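Just so it is clear, A, B, C, D and E label the chains in written order, and each chain counts residues from 1 on its own.
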């Protein structure tokens, strides 16, 4: 179980997360929903210690950390070994081929054997539909292709938790479907995941638990079915916007 | 009317556009659909002379250009004055504030008065829901916010054609709705536009004409209603993938 | 070195002042014929022969260390050399910092101007004129004393170029330098006049020692005196300068 | 020692203000302009007759980077007078030492800085050019309004390196008869036989000027980085 | 003239191979290592006691950038012997001239290069660090495997500038009694009274070596840019 409590994070004097308390159950998929700028990415980055909250507690695997206290590098490294992040902006390594982007972590951080790592990397590339791009450089990929490589790279690390920040926002529906199926498959295999997404259909399919964030506050925190069956007007508005029914009114 | 014929474009020895011929009518919105890597971005970039096709003809405003011949800088500049591009990757100017990103073109290229340009820029920012971000730098924006600034920046140039490459792929549904409404509004005002999008609901609403591209070939080129009423199995597959009905089968 | 005792007629004990035992380490520039220069890559010249001769008589090996002008002085101070033989002129100011040997050359000065120059007739005319002189040389000091402004010029050949082209008005230099130059080069477009002892006393060229190496200085002077007496010094002078300039 | 410093300082400061600082400032300003032009020409993708110009500038950078500055000064000051062209320069080209110095220093620092500027322009994302082109900018406009303001941030420290090097390289001007600060210190050392003290003293004056430049570098780094959000 | 070249060349080449090239190569290798360490320490975000170390390295860069290289050589070679510490160095620190030269050149070029490396690391997108951290890399690992391979591309031209400058700065070694190539040329010039010819000749030899370095720079630029797709 990964828990945070009273997580507060500011940029300069603008507080963007106002004391969030929630938990992310093991072997479940938690989906974070919310409007743009509400703080979803910041929350995810805080969980991976890429942002440093000013205060709050972090609780994982028996490890209890207080963000208001100094935290050693070794501790952060230890925790990051168990989590893996897929970024909104891909962040592929431009100087490495697609294959090496994926094997970099397994070979050099996990010290896996090179041949085995490459074999698995090729399998993962095939899974995301890019078997033929193994030797290209990231700059030769289209946006959609880049994001799929980023997902393959995270899967290769076999982390306890995968954090995905809008993992399919740049994918077209057909290939999104393929990737979402992969993600659904791993979710089924009881991989713990936290996903920020705007795809409500997918969220409904994959989520065990849903967090709805707005303006740095948690407006909803509960099981999937409760969210989609809610009577809360704000959430109903958000869900209905998704269907684009309003577009027709123009 | 903007026309291209026999447009061929390769990267190295890989041909990605195989002699495309099509036209983009004045005062209409053309939507380009197709799977990832099919060449949609490359087509749009060629239309803006950001990529140089090896052969083909470009026909705009009485100007007829042959891509296999040398084309002068002045000509390219002349043509670009009439077209405006919104990039998949935003490409905001990191060293300029949000407001200056928008006024840069009007003031320095179109030689508009500074005050007028700023007033309009603020109006456009309000339109995309970022009135309060005028003085921030791009690095302080979330992904969704960045893309909205990029759209405002292109609108400020009042171009004859606007090219949009997945303009809302990073926006969450609520704000996507807002931006799509803006785009629908400009479409109604008979602004010529070419939009690459994966949002079929939006495409159906906004498109006068639809191009379906796959593997660098045009598979469909015709009016909106013909596309959504097609019997072509490939297109039907593509449309059905959009609804995520398959997800339920897992 | 373990603190030099007071110098006396007793010339023993100078060995303890040497940088390296059994070796006389001599600093020089090696770029000033005929005092010291390279011939086919090998160091030669009046001062080189002088250094070798003195070392030999002392039963020492002469080791020459070529370097830049400033480094000669700094190097002597920080114990890199035992002595410096580099066409050094005695001046009262320098005597405050270092020890000098008795002079081994009395070097006459020569005033060189362009042939068409008419503004410098007598020595005192150089006042306010631009004179090309090597930095650190006593030529520069003499020129400055006469009220000239100094244009630094490292090489003798370019110094003459400057004067010939009128980019400098004149140069005061050592007669020996000019004579050596004239042997293998023409001095077309230039005229010169050797300064009389009344106009400018010849420079007293001496070896330089560290303040504390008084025994070494005394021993060197003693050897120099003998070389002068047995005619060796004169022979060397004739060989390199074409005449005996080792006496006043 | 204190007395040495007291008597030497006015002469050093005078030479520094009269030659060292003006020569360094003027030569660097000209050098930067040369560097910018050179970098742009070398980066240009134009072909055809333009290729000859590119080769020429490549050659210029190569010559001035590859040979010692002292030799360059020598050739410009002592060598050009031998260049007697009938009609044009019957007596060879005789330059004033300060002119020859500034000319050579500018060309020299321009060659080095052009490489720095070239690298920094190359480091800016291609998308920035494209966005600029898209709003109708010419290449020149995109360069000055979009690319250079970003490139300058990256090139500031190496450019400061070149400037600071130049300040100290002006000491070579003594070889073409300019009595700049370092030469003065050597002249004084030749009289008082205290080169170590004199060198340390002159080093202090160089350090004062270079410290000002280092401050300036730090200040400009801050200004040009203000759009980067610290993480 | 042909004869001058013929007799002088063997002496110049010998001095070049014996001093100029080895000193430049060794000093630059050591300098690069110093520069990397310095850049990393200055970029580190650590606080507390570490701040003192940061200040120290900042001071080092300032001193070696701000003062003339010649003075630095002088102090290390001629000044350290005055540093008589009882017990540790009763006779002062007497360094072999070549050792003193390499030490000083390394420290000098290290100070300049550290600024270049610092700038190039700063120019790499923050997201690259984050992606590396995310797959569990330590700071050191991220630096060597992810950041530096990208930073090197940007820093190559200014680093080559520093290397090429260093090659020619080795001529200052003559002032600490090392008879390197330039000093040999001056000695020969003093004898044959042809400084202009000798300087041009020695410039050719410097140019040969520097051209090799320029090629190397070009080659490395190509290699490190192979992942950039030309537009």
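By definition in this document, a residue touches a chain if its C-beta (ideal position, glycine included) is under 8 Å from a C-beta of that chain, and two chains touch if they have at least 3 such contacts.
What you are looking at is a predicted structure, and each value in this text was computed from that prediction instead of being measured.
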**Asked** In this assembly, which chains make contact with chain A and also with chain D?
**Response** B, E
**Identity of the chain that, by mean CA position, is farthest from chain E** = B
**Fill in**
Rotating chain D so its CA atoms sit on chain E gives an angle in degrees, to the nearest 5, of 180
**Item:** Computed distance of Cα centres, chain C from chain B, in Å
**Value:** 83
**Asked** So, what's the distance in Å between the C-alpha centres of chain E and chain D?
**Response** 19
**Request:** Averaged over CA atoms, how far is the centre of chain B from the centre of chain D? Could you give it in whole Å?
**Result:** 46
**Item:** Junction residues of chain E - those touching two or more other chains
**Value:** 74, 78-79, 195-196, 229, 231
**Request:** Name the residues of chain C that each touch 2 or more other chains.
**Result:** 70-71, 74, 77-78, 158
**Fill in**
So chain B residues touching two or more other chains come to 11, 50, 89, 140
**Item:** Contact set on chain C toward chain E in their complex
**Value:** 27, 30-33, 37-41, 65-68, 70-71, 74-75, 77-80, 155-158, 181, 184-185
**Complete:** Within their complex, chain E touches chain A through residues 125, 127-128, 130-139, 141, 145-146, 149-150, 224, 226-229
**Request:** Would you tell me which residues of chain A are touching chain E in their complex?
**Result:** 45, 48-50, 73, 77, 80-81, 83-85, 87, 89, 91-96, 104-105, 108-110, 137-140, 153-154, 157
**Fill in**
In their shared complex, chain D is touched by residues of chain C numbered 69-71, 73-74, 77-78, 91, 93-94, 96-98, 132, 135-137, 140-141, 150-154, 158, 161-162, 165, 167-168
**Prompt:** Inside the complex, what are the residues of chain D that reach chain E?
**Reply:** 62-63, 65-71, 74-75, 78-79, 82, 112, 115-116, 118-120, 122-123, 126, 153-158, 160-162, 164-165, 168, 171, 182, 195-196, 199-200, 202-203, 206-207, 210-211, 214, 231
